[in-house]
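Heads up, the next two complexes both have subunit A, just with different partners, subunit B and then subunit C.
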Partner chain A sequence: MNQSPTPTRDPAVGERGPAVALTALRRDYTVHAKADGARRRTARVIRAVDDLTLHIERGEAVGFVGANGAGKSTTIKMMTGILQPTSGDVRVLGRSPVAERRQLAREIGVVFGQRSQLWWDLPLRDSFAILGAMHRLTERERRARLDRLVAGLDLSGFLDRPVRQLSLGQRMRGEVAAALLHSPQLVILDEPTIGLDMVSKEGLRRFLTEDRAERGTTLFLTTHDMSDVERLAERIVIVDGGAVAYDGALADLRESLGAPRELILDLASPREEPLRVPPGAQCAGIEAGGIRHRIRFSGADLTVPVLLASLSEQAEIADLSLAEPAIEDLVRRISAQER
Partner chain B sequence: MADRASRLDRPVGPLRMAAALYGSRIRSQASFRASFAADLAGQALLVIVEFIELWVILSQVGVFGGMTLTQVAVVYGLASLAFGLADLAFGEVEQVSSLVRSGRLETLLIRPVPLLLQLSSLDLSLRRIGRIAVGLAMYVGALLAAGFSPGAADLVLAILAPLAGAAIFSALFVAAGALQFWLIDGREFANAFTYGGNYVATTPGAVFGAPMRAFFTFVIPATLVAYTPALVLLDLPGPALLPQWTGWLGLPAAILLWTATALLWRAGVRRYTGAGG
Partner chain C sequence: MLSYWRILTATFRQHTTYRTATLAGIFTNSMFGLIRASILLAAIHAAGGELNGYTALQAATYVWLGQALLAPIEAFGTREVAARVHQGDVAVDLLRPLSFLGLFFAQKLGRSSYYLLARGIPPMLIGALLTGLALPEDPLSYPLGVLTIALAITVAFLGDMLVNLAAFWILETRGLTVLYNSVMNLLSGFLIPILWFPPWLLAIARWTPFPSMVQTPIDVLSGRVGPASAIGLIGVQSAWILVLLLAAAVMLRAGARSLEVQGG
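Right after this comes the complex of A and B.
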């Protein structure tokens, strides 16, 4: 295309330079669709990624979030060399992804949460043997790394079971191990915890954090789950309409948005009048004839225990749940603020 | 101890990597023994039944495309052997469109191994050995029955022909896979060239009219897989457009076809990544 990389002589290849540098990145898809009543199909151009610029330093952990169709997956495909940008520039670990796809594949590890890269009918252990050969790891390197992964992700119980017989949680741990086997400098996780229960999620997050601390890897994560971002990333980038809508620390984001968390209380006995709440919180509604009380509060000003302590003095609480702001809500607020 | 240490630290070359990829497939199929044996027998039976069809025709007319039953069996066995070898190595490449649709192609693209090698080893179906075994037995048996008394050159051709034929069919399989980067529903269309090519290759070329014979020689070199080498091996005269010496053209045709196919494959992958064809 218009940029003609000279990969081998680029000074950014190797240890220096940013991990990811996306400059004015754009990707169009041409969709052929037949309009109602029309005879011929007409081509329509859809812009999935629109002028996206993003720099990630080595060692950073970035949560890349946005609603469905915001351009997250397309961005990942351009970063991994699966797709060529329509215009703009991508550099990942100093390389041009499409031109140097196979070299880059040795330095990055990718988990596609919705797609398996394990061998379905083979024992999990064999997938690691094949991937080790693909990445040309020596027997010693592979064993040492696999031992670490087996211990950290607790794989020992099902290493010899065929992948098709694993539960989703077991399989995802296997997928993560497969992506990390060759000790990549950059780890890209696309919805790594989708469909997992709390225990599996927690185990996965703990290991990803540990491994990153040990090896100083760069982490790039897309997710729908805000708690993934909270646990794994220090920086959050929100994409909307194919461009960056917010880029900064997660805590700042909460504050700048007024942090709309919601505590939902079910009381033991009905109470029609609102509960008295400390400053920073407000009553957002009373439902079910006074049984259910919704309290909206700011995470920056109040913690849940403080709030609970004050509320439980006034009424007996039978049940409670905590609603985190959904990514979609955050994105909507961000876009609203920009306008 | 020093031996063991050096084995552990031995760098993995491309050959060892390929061996590990193919080895994994063989292991996985060996784990379903009963179904493997059934598949193997089924494949072998298929070749035999197909041949019976030719045999029925021959029992009526005596000579088919200028060849007796034994001579037709040489062509049939040779073509089946070549097709079986190619199908074993590259038969799965024709499922490109389903890999594109399911998104599995993306997981293959993020690995540091050439795509074609991954596809080739993805689902190496050993049951195809059934076709290879029957083809080989028919080829050798029919040659002996036809009174094959080889000189040195004939012997070289007898060994070279199945390999050149396998290379021709392999290129057709890869080309059929590459076309699916453009024609996402093109599997049936592409099969016309691979399985159609096999049908032509197993039949004495003289039975086809000149236009079809020309197409399946100069565009898709199916007649060069088995028919024309058999003319040389059995010392038979060829029909128009296919004199006996064309029996030696299998290897050059395979090289030409692979060159074109490799370019087509590259262009196909580029089209997929949107890097321009």
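Right after this comes the complex of A and C.
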């Protein structure tokens, strides 16, 4: 407990080098299950992460997405040092996570959307006092940083309320503040917006973007919500079957997949013939006797307002909704392309 | 160190908010104290005024001190760590830049300090009013007694932690907790003084850490054991702390290695 956090002294751990370097990472789980009719349980090995290699430079923002069971959480657990890889190499901020878990914990901030690091029965403010002491912040550092977080995440209304009384959105903002209090170099967010309403999501994303711009933080984020990736990350990594299935810019992904967004229009009066659409869009179907028109378009070529302007000239629109390609959908296309 | 202190005081404050639980605890503690005191007093009366070195007043003091220590020692066991392992919340604990055992020990000390004040003092007052208390002759017994309480809380914490850490390997620790706590309640000298055990059971008890959890602080605080022997008992307590700490550290290390955080 006496060593002070002086990462810069060791050249291997300093500001140089990638933020995250995963090399041929693999993790097997042994599952004991009883087969039907069998008398004894048999051990079965499940490979959750399979030969995963990924490099993230300092200052990058990466969205790490994949279907359930693709190996996202397992990867995060290995990156944070709470899970030992079966084989392969993990380096986070130049450290070996399992061996240097506690030192690493001072340099990274982690939010598990489904778990809490706040003190349930105490006012939110008290959690920050404890965390400030844990991270050895001086009173001045802590106060300055907390003021910034309170303003940016709009915490002032419930700082003095016990955490158990907070709404989900309030608590998540508190969790993010708790993870960012010690100004970590690497922020890992595991499903940070799960269960949040649009307003809370937007507020959270706006602050994460601002804070990153101010401090040059590396951001690593898993999510089910494609718009999280769009707003927060420049690079998207899709995992499938425990390995990287796609790694690149989000726009390129959509382009390469031709994965269009879908605009669903309900017209005020039925119209059987297709609407004329600008280039880059196409009519994907007409339903409900001409009331509902589905139009597919690529987000890269066409914006929704332009498309809408062109369509509303032709018919009166009663209602509309916009469908984003779901992550699961993108992942399925990626795996289909690979085969 | 500051962070452990902050956690300790925060846990203390947190427990001050559970007023109903505290009142209910005081009530049950005192009721059971009355019942236990009357049984022991009847036994001593039947034995002709003294039983295995305990006079009526000493037996009553033994009961009230035991009732006072019940909550701080957490003689019925805790399940928090086991539950956190099973639900995967242990991931959050492991990601704190603190020692895992230190984190939970600070919480335990915060809790126990509150329990000592809120749940320890009332049974002593009731005992002083109803039966009277045997007080130690040597004033040195008081500081030594306080020290043995602190050590007893530490021994009990480590023993309970071992049971909880078993959750890394077994899915359901409730049975183990129940078993451990019944053995602990008996061999620690909480139910009856260990000197009343048959010789073979007394011999077994003396080879376990359990008497260090209850019998030792009671004996020192009530003055049944003088300051000179108290030093020896403190040595025994400290030795158990070392042994159990080592065992807990080994278990935690192995457990964290084999950990497969559930869910999420």
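Criterion: the second predicted complex is superposed on the first by the 328 of 339 C-alpha atoms of A that agree within 3 Å, B and C clash if a C-alpha of one lies under 4 Å from a C-alpha of the other, contacts with A are read in each partner's own complex, and residues count from 1 in each chain.
One rule holds for everything that comes next: contacts are C-beta pairs under 8 Å (C-beta built on N, C-alpha and C of every residue); 3 or more make two chains touch, one makes a residue touch a chain.
Every value quoted in this text rests on a predicted model; they were computed, and no experiment measured them.
When both complexes are superposed on subunit A, subunit B and subunit C end up clashing with one another. Shared-chain residue A:140: touches subunit B; no touch with subunit C. Judged by the touch definition given at the top, the superposed model places A:101 against both subunit B and subunit C.
Looking at the shared chain after the overlay, A:309 reaches neither subunit B nor subunit C. In the superposition on chain A, A:190 makes contact with subunit C only, not with subunit B. Contacts of A:268 after superposition: neither subunit B nor subunit C is touched. Once chain A of one complex is fitted onto chain A of the other, the partner contacts of A:323 are absent, as it touches neither subunit B nor subunit C. In the superposed pair of complexes, A:151 makes contact with neither subunit B nor subunit C. In the superposed model, A:116 makes contact with both subunit B and subunit C. Shared interface residues of subunit A, touching subunit B in one complex and subunit C in the other, are 1, 77, 80-84, 101-103, 105-106, 110, 112, 114-117, 119, 121-122, 126, 129-130, 133-136.
Looking at the complex, you find that subunit A touches subunit C at residues 1, 29, 73, 77, 80-84, 101-103, 105-106, 110, 112-117, 119, 121-122, 126, 129-130, 133-136, 162, 190-191. Residues 1, 27, 77, 80-84, 86, 98, 101-103, 105-106, 108, 110, 112, 114-117, 119, 121-122, 126, 129-140, 143 of subunit A touch subunit B in their complex.
Here subunit B touches subunit A in the complex through residues 7-13, 16-17, 20-21, 24, 27-28, 31, 103-104, 106-107, 109-114, 273-276, going by the rule given at the top. By the touch rule above, subunit C contacts subunit A in their complex via residues 1-3, 5-7, 10, 13-14, 17, 88-89, 91-92, 94-99, 102, 256-257, 259-261, 263-264.
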